[in-house]
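What follows is a pair of complexes built around chain A, which joins chain B in one and chain C in the other.
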Partner chain A sequence: MTKRNYFFSVVFILLITAMFLSLRYGAVTSKWTDVSQALFHFDPANQGEQLIRYLRLPRMIGAVLVGAAFAISGALIQGITSNPIADSGLLGINSGAGLGLAIVFAISGNPSPTVGIVGSFLGASVSIVLIYLVSSKVSFGLSPIRIVLLGAALSSFFAAISQSISLLFDLNQDMTFWFVGGTANLSWAQLQTIYPLILLGILGACLISPQITLLSLGDDTAISLGKKPNRIRRLSMLIVLLLAGSSVALVGAISFIGLMVPHIVRFFVGHDYRYVIPASGIFGALFFVVADVVSRLVAPPLETPTGVIITLIGVPFLLLQIRKGSL
Partner chain B sequence: MTKLNTTDLSIGYDKKIVVNDITVEIPKGQITSLIGPNGSGKSTFLKALAQILEPAKGEVFIDGENVQRLETKAVAKKIASLSQTSSLISGLTVEEIVAYGRFPYQKGFSGLKEEDHRLIGWALEATNLESLKKRTLITLSGGQQQRVWIAMALAQDTDILILDEPITFLDPAHQLEILELLQEINRHGKTILMTIHDLNHASRFSDYLLGMKNGELVFQGTPKEIFTADKLLNLFDIQATFATLPNSDKPLVIAYDLVKEH
Partner chain C sequence: MRKRIGWLSLFLLLITGGILSLTVGTIPLNLNDLLHVFQGTATTSQQLIVFDFRFPRLLVSIVAGMGLAISGYLFQTITHNDLADPGILGINAGAGLTVLIYLGFFATGESSWYLPLIACGGSFIATGLVYYFGRQSERITPNRLLLAGVAVNAGISALTLIGTIRVSKDSYQFVTAWLAGTIWGTTWQHVFLLLPWVIVLLPLILLRGRSLEVLELGDEVAVGLGVKLKRTQLFFLVCAVCLAAVSVSIAGSISFIGLIAPHIARQLTGRKNNQTLVMSALIGGVLLLFSDILARIILPSGEMAAGIIVSLIGAPYFILQLLKKSN
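And now, the complex of A and B:
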């Protein structure tokens, strides 16, 4: 078996295991019989099964989707901007989406999931358009570091506005969760609205993945092989919008997954995006599910926001990569 | 065999015209070298031929069809073009890069077919890369990397191969290795058009030469017709002395001097 297949098989098995563990473990440890009952012969009157069916199951599915979505959008942005430090969080896309959400909350008080998504998409698209405009002017010699600096500036700017809005409109309770990020409030209603968008984004990313590799060989090479680079970039940005916008609407502005996961998977599957994209998806899902379980077990019965756990791992990872000189 | 020609082709960046009014037909099945001083518009001209740049005026024709009206993918099946890629860093393996040469022929997620594998294998073999095919591009030397790009272009299976300065950053032995490879490819019936700075290599390895200066095509002809004192003086402002080896009709420049302005 090749290293690549080996990686996919092992991660797949780990992911399935983690998914089941996340149904069982939390502030209360459930019995395996409850888990299987809740999944296959759900009895709405049983409290233990209710916990699993109504709280942990949507949370687990959400974690899988969002982990995959953040990781894939990170891989896409890294590919189209030729920037190894790119990530939807670091580039300000997530906080743009967060600002969109804050505005929607300020206006409507308690928005439906659909309205929330629209706000999140609009906010994310502002950041995406800015990043696209800047990074497509490669002739200015814009280095990866500068793009990240721009992203950091956007990020803090949007976060500051979001927080001002939440203070002004007294939204602190509603919004805190989106600022730090977490799966605690995930409901079936939200999932139902958002999962088709994420699945569509993942499908789009897989379809466009060979063209991302072409782009990584340089614009002229891409044209010589029959593709228009700017069309690839625009389509990819649209997919990033779909993935990052939906994910932020579900779990808030979580950074670093999109940065870390593609780097880790490249070590196992190589640099062809035909493999980097699906591998990032499956590994991102595993990462998020595990982080989510950990977030429940750190200080039960209190929840440590998943975003905090991920940032705690993400920052040292970023520093380590910079030290190694690989970024 | 595919015919490539231009009529009144002008190309510019923003308002500045870099290539001016070139009408030329690239000889089929031959090796043609484009020579001229730095900044004369050679690379720009090649990019317009390969549909990478849009002409400001005039047309490029592939088999009589205007390139601008053709799909990028259709052009990719007729012309393979290599730009000056020496600076690209990629973690892709040799085999992966060469396989991407088959990209214009792939539909959706169909993957590689028998024919694709055959051409990839042939391209790796012709460029002597079989033993390196699992290595990543970044671990290879400049000459090896250049061979990878040529292999990718070969896998693209086009009649016409356009190369921008394929030997500029290579040492003498590797220069010769690449040029002999191109000669070998040419014998398989491919038309080759390249830019090259070394005049003696241009003479030795080309059937036909195009001389460009200040965006204009100042002459064209066989090396024997072009390598004359007045033509090289006109093109490069150099005074050249020539010699021809026995059994060869390709002149060599044995020495040259700058023209002093008085």
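And now, the complex of A and C:
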């Protein structure tokens, strides 16, 4: 109990600190006075304050939202498929969304955020429906590795189509950065369209979390307690679609955060999804904000894509888990 | 009956594909021209096109397709998982990264004939990593191997992405094309680098075909029937990795052939034995040959990659199979 409370308060404090640091540090280090001025008495004529207000602030807010969304969607998928290695990236959901976006880019050249989101949602839902069809017919959770392999196949398929689209329509340059995943181009306009969706998804995830805990005890237990496992799964898939689809539309296909964060969080708060989901949310946000700051500081003024940083942290983590035999 | 039709149509396809591959291109030839070329009575430029450009390319695509298919067959048998693609061992990703590093930071001038060797080295290093993290003391556990593969693949791709940001534009384009699976090794030198592996390894594998069939029955049964489990697994694994690595290093990063060729062969022959192995090899060759032809027809400038076509054909087939199986 106390361990759990400690975890929540420590992560919360760290998150707030990281959020402020991410406003100050970047290719150019700002002064704290500029940060506070930009937040509380914004002067549109001051260049230093403009940088913070128009570039770093939306970026920071986006990082918090997206980090939380990826982590929560990972926790949800892991819960409903009883698959410890599920992640929206590994299952091909992110690359499905990527394909949707590539198609939108090909058709309209420079799409508005709303159109982009619609495309990315449609793509993501194709993957989700496929994964749901395959895994609901074979009994759920029986073979996680099959689902991951399906995800790998889906990913390379969608990547192939996206590649041919970008070859045929000459999108190479525009798409590459987006595929890699980065927060560099976040604007207020994008945020305004997307943040309600992510908040809605997070709220939904928190509401459904007690049901997921029951589901993780096994379908039989859930049924005997009067729950309908498949209904819970469908609802959760919808929430995953909402979270992953909108995050991908915002920052591109970023994997591993949804895999890693719930694992780390379970170590501190236990296996009850009522705690795992919110804890994944704030820890995921912290993780993403830190990764974002690191991505700016590795080789300034060049940006190393945030997605790459996250993958490079995530892979050794996953490999160690495999080596220990805990997966 | 089905088997006989299968063999017959495969040979027909191979011949048609061969003729098509020699005639289709930026300078189209007709059958008459081709006949003249083989009689030695055609113009020198036509002789040059056929013997120095198209013929090696034809051989490379057939042999590389065969190598990938055999590798996939072996790998699926060892892991007892018909969804396993040799690419998941990190073969494609590892080769891609070393090619990028070499071209970006060490190469001077023309890309030389030993580029395939470098690519091959990368494949072996990546596979070694996968093996290290996935192995257990007494035998090879398929699922952990696959998992480790997924992780290593993701990590190497992230490193490759970092690399692509740093290298020059030319190397970047070459590596992108390589990763998409453009058949680039099209000289006789490449044919001679590739062919011996298949000529030597295929008979060796066929000689030990019995123990492969026994492995199919399950690891415990195989041990019970007197197979030295770990040694046999390792032998086939090494063969699979060598074949795939050589094929990928010369033909470019191509996935899905190792996945679907064995599937089709099994459906045609109805069982798994040496005949199935040879048939999957043929199917692999035909698949890659036709993908290359299609890619050349779609974009004659040579920018469409055969690997993309393979994915576009292969993935839907694979997903349909999976859905059918789940029913």
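Criterion: the second predicted complex is superposed on the first by the 321 of 327 C-alpha atoms of A that agree within 3 Å, B and C clash if a C-alpha of one lies under 4 Å from a C-alpha of the other, contacts with A are read in each partner's own complex, and residues count from 1 in each chain.
Here is the rule we use: contacts are C-beta pairs under 8 Å (C-beta built on N, C-alpha and C of every residue); 3 or more make two chains touch, one makes a residue touch a chain.
As the structure is a prediction and not an experimental result, all values here were calculated from the model.
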Record, for the superposition on chain A, whether partners chain B and chain C clash or fit. fit
Which partner does A:T213 contact after superposing on A: first (chain B), second (chain C), both, neither? first
Quick check on the superposed pair: does A:D272 touch chain B, chain C, both, or neither? Answer first, second, both or neither. first
Of chain B and chain C, which one touches more residues of chain A? C
Examine A:K228 and indicate which partner it touches, taking first as chain B and second as chain C; both and neither are also allowed. first
Rounded to the nearest 10 degrees, the Cα-centre angle chain B-chain A-chain C in the superposed arrangement comes to 90
Touching partner for A:L133 - first (chain B), second (chain C), both, neither: second
Distance of closest approach, chain C and chain B, by C-alpha atoms in Å: 12
Complex contacts: residues of chain C adjacent to chain A: 81, 83-85, 87-88, 133-134, 136, 143-144, 146-148, 150-152, 154-155, 157-159, 161-162, 164-165, 176, 180, 255-256, 259, 299, 303-305, 307-308, 311-312, 314-316, 318-319, 322-323, 326-327
Flag every residue of chain A that touches chain C in the complex, lowest number first. 85, 90, 130, 133-134, 137-138, 145-146, 148-150, 152-154, 156-157, 159-161, 163-164, 167-168, 172, 176, 180, 255-256, 302, 304-305, 307-308, 311-312, 314-316, 318-319, 322-323, 325, 327
Flag every residue of chain A that touches chain B in the complex, lowest number first. 207, 210, 213-214, 216-218, 220-221, 223-228, 266, 270-272
Going by the contact rule at the top, pick out the chain B residues touching chain A in the complex. 47, 50-52, 71-77, 79-83, 85, 88, 90-93, 96-97, 100-101, 103-104, 106, 109, 136, 153, 156
